[in-house]
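Each in structure tokens, the structures are laid out below.
The same chain A turns up in both complexes below, where it pairs with chain B and then with chain C.
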Partner chain A sequence: MVGDAVVLVGLAAAAGGTVTGFAAGATGSLDLLRHAQRFARTYAVAMIAACLVMVYALAVHDFSVKYVSKVGSLSTPLHITIVSLWSSLEGSILLWGAVLGAYIAAFVSWSRDRDVEETPWALGTMCLVGGFFAYLIAHPANPFTPAPVPVPGDGPGPNPLLQNHLLMIVHPPSLYLGYVGMVVPFGMAVGSLVSGKLGPAWTRALRTALMWPWLFLTAGIVLGGWWAYEVLGWGGYWAWDPVENASLLPWLTATAALHAAMLPSRRGSLKGWTVTLVLVTFLLTLLGTFMTRSGVFNSVHSFTQSAIGPIFLGFLGVALVACVILLAARIDLLSTEGDPPALVSRETGFLVNNVLFVALTFTVLLGTTFPLVMEAVKGVKLSVGEPYFNQVAIPAGIAILFLMGVGPALPWGEPSPGSAWRELRWPLALAAVAGAGSIAGGVDRALSWTTLCVVVAMFAMAVTAREATRPVRVRMRENGEALGTAAWRAFSRGNRRLGGYVVHAGIVVIVVAVAVSHAFRVEREITLSTGQSVAFEEYTLTLVGRDHVEEPHRTRELARVAVAGPGGDFELAPSLNRYGGGMNPIGTPDVHSTASHDLYLSLLSIGTDGNTAGIHVYRNPGILWLWVGWAIVSLGALVALLPSRAGKAAARPAEQAAK
Partner chain B sequence: MNKKVLAAGFVLVAPLVWVLAESFGADPSHIPSPLVGKPAPAFSLPVLDGNGATLSLAETRGKPTVINFWATWCDTCGYEHPLLLRLARTYEGRVHFVGIAYLDKEENLRKWLSSHGGQAFPTLIDVGTSAAVAYGVGRLPESYLIDKQGVIQHKVFGAIDYGDMVRRIEEML
Partner chain C sequence: MKNKLAAGLVILAIVGVLGYLAFGSVSQNLVYYWTPTELVAAGSKASEATVRLGGMVEAGSVVAEGGGTTFAVTDGTERVRVRTEQIPPQMFREGIGVVVEGTMAQDGVFQSKRLMVKHDENYRAPAEGEKPGTSTMVESP
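On to the complex of A and B.
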């Protein structure tokens, strides 16, 4: 009852915010804009309150609420009970609404002192999207529907996959924060298009608005891979599953947009293109949500056939058409004068970067939707596998890595070929030495993709390190500052730039880890009897015995394996877990991580006599560096998001001009 | 209005929307059953709370039969159960209804049935999942419509649709 009422308040507020926002945009009335901001804040409060009401119902096991009776269980621990908020369709849409409310509220407080022409249109658009989600929660995906009478005394508990690992507590919300957050840049881009303006302050704000959800989306993708690695037991972290692709697609276009948005603030060019990328990013998050939630794809992620599918498809269709018409009608207002950039310049680097990202997006989108096309046209079931994606993603990834080195090394404007060469020769030489070294050292015999990737990565890393520290070196040389002072001043004046390079460094680490973990992985299936030993790479594995553990919400069968290796002796215990009822057991692998590689054991079966265990053993090199790389990326993004002195100083006159 | 952008936009957007709309509603795990049109595989299984009695497919010959594979751990089965009860009561005496419990415990079945409106037809225990294997059950629930001669006329994936079932049963009567 309370939940329903709050959601309806949210729906009404979103409708009010949309109408007053657009009216304020059309009339330029400041009063109407203030109303729209009030509506938007009410929406935020209502949606967050609705979410809290559901969390409360879950926590007190109120099985008279249908959603609680569906995902709650008296035997699940409290933290899992709260997590079950997003374990099923209705709850996850509710969380979606709350996150959207928080983002819109953040935009409102940011835009309060910035009454530029774009603001009311942006706010109206955000409220429109918010209203759609409030409608989903109020009607077709209403989590507050009462449970059928008689009220059950207990429920089945959330999806077992959700209960299996702590990472599942953070992976879905990070993705939501990433997906939902794209509504803010989307609204801002619509504001730009409608008003025909994309000023420097607005562009800077647009980048910040993109950066936050980008940070969360990156976290969501990596944590999803990490979870798959730690839980699913097939020894990998990425499988080009449609839903993984669904999260990668907006990440690719958002990354392209973050780069494209650096050009307008420099040269005023590419405004229309930047705005287009932002619109596409938002549309891809909608597509991703549809793909995940509609049951169109067979995947670990899909919730079964849901009622919101057709409504969501309708919304997606309308949004797509509206964006195309809006772009066609207004993009000419944003397109700018100016000569095309010089062939060898940083601008060109940005352009090629964007072309590559967009090409990669198309490839992944095509591979993901191709099975649907085939089924619709020919009625054939097929799936597009890893080879297709890898064939395109590997060369494109290496090319992007190469640009990551070339781009920042090149000066803006029109550098002479000689100066470009001077900037590039040392990093190139270093990369060549690394490549020759790895071939000579027998790491990889021939010139393979892996070697090429490592070589290009060395080059990109060398440029990144040099460019990141350049302001410090310049300060020390020209102002005679001490290292500490120079570093601090460079950091506080150029944190966006530094943050960007730290992100680049993190990406280089991730790409190398991906390449190495793929190329040099060793795996084997073994069957061991109790007491029996087997040699695997540098380890000796011995089955010590098995354990049967009863926990309130699951029973676990563990195989205890003693491992002797160069780093000392330790024990690993991969397990098969069963959750209430007769559901198929879900494996939890056990992993021993070192800086160079992981030893990864996945339990396949325990013999009926209890004395044998089938185990899939993997030696996965470089995995730890994936997570380290992600930590570096996140750190870099946060550094770039810190308010910078240079940014503030530049923003002030621009805002006054806008006023 | 920039006509080039408009045209390019629609060239990209239209096929995407068409494909999504087209695949929508299709169950991705739906694979047509090769058993449709063939005699239903025979079984003889113990009846839940039947004091050791068994029920075989042969005993249902002469009337149309609906076989429903289900389990207490399957969410959709709970949604479907009231519809099955209603159907069984509507066609009482004219159509056989048989539930086959897949990978489940007897005490769970009893508890579940009593909290879901009871039984209107016998529930069999699929010992060693032999029936499920013979019928090629892929995902619960699944229902098979078998005619008077013992030939499978239709397979329903997932929860049944009441109206659809009535139409198909009427065809077999």
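On to the complex of A and C.
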């Protein structure tokens, strides 16, 4: 088959790229590096081609391919059919390989003008990881295996839960883009460790290489929560499920690494620490893949038990040992250079940030893997409850939020305590006022975690806003520039800094939304007969009736509920959907979103006579702001990723012309 | 050098305290997966812990009473009566596989806070040592 052949080409190219890359690193030969780059590009083309072959097979319903016969169905709409590529294990790994190929090709193009000693080692490492995935696709998780004869005429279609919402089209790919993208900084970190070099230019490049996957990983996590909220019908977006944690863990360490990477370019310290965090991030993405794809945890995400688990665990083990050996061999790089920072300084802020993020990673990892360890060691079946994660994450999250306010306000170097206080007093005063206001205003009467969180958030937001606009104000005051000019020049010279603060602002919005939605949710289960009304908070819900809708790939039972509320009347229709041959219904909630809260209806059951409906009603405050906060975070990350040199170069002639 | 040592000790202390808190907290928030046989064997221990009880809804045991539902969960050997205030999901019926999360009440009836129905056409009793998974479970929200 074409698919098999293309994957084998990819495997061979990855092997070639690894060998020539490492050889180029050892000999310093530029020729060998050019070969490695050619191999890497071939790998990328092959993996993307393999993916397209499968998309084609899915689109034309070629049921002679086993994977198509497993997830395809003639009655499934075309867009869902294409999305079926990642609805099961083999297809996911295929997409994984294609994304990895694209990343490696991007690294090749991007690193061309950086022919430093680290590059060939980095490229070789990426090809090695690429080879591993090509091997998985070629052998244990081969999606191109022919279906057993006789070839079936139709298939069951993808997992119903994955067909139920359009967000499923974007959530997995963005998560993959995040996960797989961590291979690039990992390769770069290995490159710097092997070559023993870690120049400032390489560190800057490393930060950019981290930022892109971080952006996608953030999107993947948020979209996953959004999907759970819109589809699963339990009224929430995050449940500390092992697979959710699997995506959060590398996000935490990558965030820590992004912060740590800001120090080296300024002070030349913490290099080794940054590299360690990057290695750990990659290992955590492997662990996450193992946890979600091997079936050791049961969830929506673990498709089938498969042979891939042990292989992945083996690869994870080898990677872990390799990382430890590399770090031990380069222990000299790990030690910090120069004097330790002053106790009250921005440097210390970064350090404490990293300690908190790593501690949070550790506790989430402990809670996530504890059941696995207990089952392996003692044979006891258990899980770690949500309260554990909340007990740890809420204080740690608030501490990080507080630091988000303190850190940027503190000057670099050795500020005097007095100057630190001058920087902090106004934001602190504002936060105190906000806290008093929210208690007096009856938002939450006691000094609860929620109040504390809101107060700290106000403080962090105040500092963020001030620091983000500081360059503009300085320009206006000292150069006498007009607001527009000052803003544009500050932006074009300091887009990375500004982007960082925009990300901070978005995170503050998200944290407040999480805290408020967690604390002030109201929910009730109600049973309604047709025509019957019930009051729920500021709304009156009336069951209008029942609808039965036949679609090619599913049948839907909808409960039509008329809602009268202060903002006008509308109708919500939560449904139970049955897919394909399966007779068991999947619920789809219906949500009415406003700026302050969501009204969320989840259909539990329809009575046998068709005249009653059991409905779970939620009033979830602040949910919309989760998605708004995420949009702000993404915008900030993109601003930070804008090529700042080009911006500077563009600004320079204009500046000279002005003079 | 002294400063570095001090900084290292401070970090070690923070990590140590957090680690201690985390471990202590983990052991207080464990949810055990038990079969009715294991639950009965655990005796009074069951009323202190949060338990996920997996098994089949016994035929003829479902009774709707005063805003709640009671039924019996069985694994073929032992049976445990369960009470829930929730509206059971559409698929809930006699003979279907369920996982209920909650605690054993004083009166010997298991008080369910969460009711999940096994989302599978052909229910089979869990094999020896098999964890009642949530992969095929649909939660009553």
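In this section, the second predicted complex is superposed on the first by the 639 of 659 C-alpha atoms of A that agree within 3 Å, B and C clash if a C-alpha of one lies under 4 Å from a C-alpha of the other, contacts with A are read in each partner's own complex, and residues count from 1 in each chain.
In this section, a residue touches a chain if its C-beta (ideal position, glycine included) is under 8 Å from a C-beta of that chain, and two chains touch if they have at least 3 such contacts.
Predicted model only: the values in this text are computed from it and were never measured.
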Could you say whether A:594 touches chain B, chain C, both of them, or neither, answering first, second, both or neither? neither
For A:324, using the defined touch cut-off, is the partner it touches chain B, chain C, both, or neither? Pick first, second, both or neither. first
Contacts for A:234 in the overlay, against chain B (first) and chain C (second): which applies, first, second, both or neither? second
Kindly classify A:419 by the partners it touches after superposition: chain B alone (first), chain C alone (second), both, or neither? neither
Does chain B (first) or chain C (second) touch A:529, or do both, or does neither? neither
Intersected contact list for chain A, partners chain B and chain C 298, 302, 375, 381, 582-583
Contacts from chain B onto chain A in the complex sit at residues 1-3, 5-6, 9-10, 13, 15-29, 31, 71-73, 75-76, 103-105, 108, 115, 158
Counting only contacts in the complex, chain A reaches chain C at residues 232-235, 298-300, 302, 336, 339-340, 351, 355, 359, 362-363, 366-367, 370, 375, 379-388, 391-392, 525, 527, 576, 582-587, 602, 604-606, 614, 616
Interface residues, chain A side, partner chain B - complex: 70, 150, 152, 156, 287, 290, 294-298, 302, 304-305, 309-310, 313, 316-317, 320-321, 323-325, 327-329, 331-332, 369, 372-373, 375-376, 381, 580-583
Given the complex, residues on chain C that touch chain A span 3-4, 7, 11, 14-15, 18-19, 21-23, 25-26, 28-34, 50, 52, 86-92, 119-121, 129, 131, 133-136, 138-141
